[in-house]
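Two complexes, one shared chain (subunit A), two partners (subunit B, subunit C).
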Partner chain A sequence: MLKTRLIPILFLKNGLIVRSETFSDFREIGNPINQLKRLSDWEIDELIYVDITREGGYDLKRSDHKIKGKKEIISILKEIAKSTSMPLTFGGRIKSIEQVDAYMANGADKVIINTGVYDSPELISNVSSKYGSQAIVVGIDIKKEGTLYNMYVKNGQKKVKDDPLNYAKKVESLGAGEIFINSIDRDGTGKGYDINIIKKIISSVNIPVIAAGGAGTFDDFIELAEETCVSAIAAGNIFNFTEHAYPRAKKELKRAGINVR
Partner chain B sequence: MIKPPNIEYCKKCVYPAIAATPLTFDKDGVCSGCRASNQKDEINWEDRKEKFLRLVERYRNKDGSNYDCIIPVSGGKDSYFQIHIIKNICGLNPLLVTYHGNNYTPTGMKNLLNMREVFDCDHIFFTPSIEVLKTMNRLGQLMMGDMNWHGHAGIFTYPIRVAVKEKVPLMIWGEHGFMDLGGMHSYNDFVEFTYRYRHEHCLRGYEWYDFVKQAQHFGEKLEKKQLIQWMYPADEEIEEVGVRGIYISNYFKWEANEHGKIMIEKYGFKEAEEPFERTYRRMSNLDDMHENGIHDYMKYIKFGYGRATDHVCKDIRSGKMNRQEGIKIVKKMDNIKPKDLFRWLDYVGWSEKKFDQVADSFRDPRVWIKDSSGKWTKCNIWDK
Partner chain C sequence: MVGIIHYNMGNITSVINAYNLLGINAVVVRQPGELKAVSHIILPGVGAFRDGINFLHQLGFVTELKEQVVKNKKPFLGICLGMQLMFGQGSEGGKFKGLGFLQGKVTKLPAKDVILPHVGWNTVTPLNQNTLLKLEGDMYFVHSFHVEPKDKSIVTATCNYGGVFPVMVEKDNMFGIQCHPEKSHKSGRNILASFSKV
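Then we have the complex of A and B:
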């Protein structure tokens, strides 16, 4: 049986790691390099790195720190790829195959695209025919409103009419290798994963599903793994909050009998 | 006319967007520090206290063979409050640990000695070599414009070394500084002490080995063997004991002014006998003579604001002061060059000219510009 992966996500806004809540409240946690070094020390299964910058440039803000200056995303990617063997998924603001080429040439193993493939679905087959379907992860952001699950694009700011389940089937048929779902209403709240919609997405497709959004304690990881056949458990904030969070979470998952590396 | 770069200020408090503390602004121009502070009123603190009691209970030593926890203390009002909660409310047996950077004020030292007596706890009071401290003072100033780096590094390294050595898995910190001031975290995060936070935010990404490396470049002498107590334990050592550091401010509503008053009445804590030059508060940061002095003056040199701004923001958020009153204080105090500078110059053997030259090299170009007469100028909150 395949092992369930545990994947930290770094959300980057204007060059800094942020703590995100409901896709609308962002707090700056620090520069990506230091946290990447920690994640690399812990030999994590995989890393997802998403640039959620909406406007403006990159600025690390502190001129009196050891790590200085501005870093744009490609040079950060190069630096990570150089120093680590963990598989890297890069994404955020990808609109064209040329951007994908640049990421792949500089050390990314996969790309994650959300709005870019919603606007131009042919991007999925362009990436998969060039790099293989395992290289393209399609992101779907979902918000529960009343009893309905609605789909959003553009950093959770634009609601679209598509049904998330049908859309998941559609991107699978276009050649997506994996689906990454995130919950806008649970993001950063620590209320736990939205098991209901995650289950439905998983059963509507045959490709692996990575789920994110809402982890508040390591028990939420265990619940997600026990209740669903999720291929990977992903989380952003929680790995930034406590010491040795990643290895300690793995230990808890193992203790609960979850099949992790 | 040379125009300084524009700086955005929080619409509610007086925090600038370019700051030593990471913070973000919402669409109404309100900073994350104010947002985190508002959250304090929505929290069920009784519930949090229960959570805390359950958590620490798991760490209580059952057979009296070891301490229940470690409390890093300076002897300030927050230290008193931490021990008050741990020893007198929870009935735990803590080991107090102090890093002594050789900068104690007379009042700070009185408070520290009184603290260990009134609370009747075991206390480790560690002092590094004074010559090494002087070198670290100079190098910190040269490398990053902070003569007190040794202090931050000592405070955030020595206690966890003791935790590992004594096999005490729980450390009790007071408030999470960057969360309280800049709103780095939500109260729902239950953020704990991490190497990354210490390394990046408290130590600016530098470690002891950077000092050894840079010493020669700056004509100083420093060896690895002199810096043992600044060495962070290895991940494996920490995991073996399972050390974690929790912040009391996630479990008890943190009201610095209120806590101070209670500590004075109940335990004989003393306010600073002399007023500070760079802040109006007499209860905060009073143990170290340079914390409210040149260490903080360097923040003004770098980012254009200082401790008065920090304290005004906290007091505006807690409703103790309005923004107009706050701006007046900031205008009066943030730019003062404090007199403790002369103790420091004498201590490390520098001239004031050298200090100023080094200091000026750290002015952030996003804040400061030289006007036509060669004077440093910036965009001020009272000009807005």
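Then we have the complex of A and C:
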């Protein structure tokens, strides 16, 4: 039987791993290669790296930073791919098929694209026709405001009018292999996953859904797996701050009768 | 020396990296002529059957592969798309002729009550007549199509996802694996190590 995946997400900013909270507060917490050894020893199901280095701002050396940032993430990917044998998903700031080519050529199995496919939906079919639909994961960032679920792009900076459910259906029809949903208002808060919207997204598409945003305890993983048919449980901070979080989480999930590896 | 065929269908890096970790000699093969110099041949790959076979033809690999694998009986391992290409006919994006090393066809997973692609970790069940490579346990999968060999006796391991399908085929010097040993941590690397010793 196919297992429910448990996926650590590492957020990279200027080449360093950061802790993220509601997409706005970032604290540097480590070097991406050091973290990797642990994750690899635990034989994790899959690893997601998201580059959240922001473009823009007032830094006069902006273009230098941009180039450096891009180079860094490819060299990080190379290093990771060399020392592990596991599924690797890379995302963040991808806008062109050339960037996808660079990730895929250096050891990524899949890419996550959010704003890039929102702005240019044809990027989905470009990637899927070149690498297969399994290679393209479309990211959707959602923020609950009042009773409404709104969709945001540009690292949670720009609200758009699209309904998340319709958008999910649209990207599926364009050839997305998986959908990655993240909750902006729950990110880094430890309040638990937004079961309600995750359920709705899952039932509106026929492709695997990876859910992130809000895990504070292992019980949140169990709740997500019990309440929804999610294909993969993803989380960031909990794996960085809790001792032996990954193997312990797997044990707890197994004990609760969830079908994990 | 294991030769890994580069034909624009991805995944080469992961297989090379896995062999480097194992400390086993492996090289990327970009020219059909280079197949003569290697002792073992791997055809990896993810993506569409049509593109895969077209690239193999364009790059001139088809004739040399037949020479080395069918005639000279060099050990050959097809991974994922590479396994599918070993068969006579594919149906991803139309009907296409494969390498035809094995008789049978490639079709979409029946996937009753499950979603496609089949992505993630699933349990591989070895069959009785299994197997030189000892493929079993949880392995990483990512695919929507599967092989249907004419001769069922070549199937040496299966998996269940909305129906049972072949995960491994073996015939003489030829092996095909639907899952990704290069992405399945240590147990996957063990498969690659075993192949290099066949």
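Convention: the second predicted complex is superposed on the first by the 243 of 261 C-alpha atoms of A that agree within 3 Å, B and C clash if a C-alpha of one lies under 4 Å from a C-alpha of the other, contacts with A are read in each partner's own complex, and residues count from 1 in each chain.
By our rule, contacts are C-beta pairs under 8 Å (C-beta built on N, C-alpha and C of every residue); 3 or more make two chains touch, one makes a residue touch a chain.
Since we're looking at a predicted model, the values are computed, not measured.
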item: Subunit B versus subunit C as contact partner of A:104, first or second or both or neither; value: second
item: Touched partner set for A:26, first subunit B, second subunit C, both or neither; value: first
item: First (subunit B), second (subunit C), both or neither touched by A:241; value: first
item: Which superposed partner A:216 touches (first subunit B, second subunit C, both, neither); value: first
item: Contacts of A:134 with subunit B and subunit C, given as first, second, both or neither; value: second
item: Residues of subunit A defined as touching subunit C within the complex; value: 1-5, 43, 45-46, 81-87, 104-107, 109, 129-135, 177-178, 206-208, 231-232, 261
item: Residues of subunit B that touch subunit A when the two form their complex; value: 18, 20, 22-24, 26, 32, 35-36, 144-146, 182-186, 188-197, 199-201, 204-206, 210, 235, 238-239, 243-245, 302, 362, 364-365
item: Complex contacts: residues of subunit A adjacent to subunit B; value: 16, 18-19, 21, 25-31, 34-35, 38, 41, 61-67, 188-190, 216, 237, 240-245, 247
item: Interface residues, subunit C side, partner subunit A - complex; value: 10-11, 13-14, 17-18, 20-21, 46-48, 114-123, 138, 140-144, 160-161, 180, 182-186, 188-189
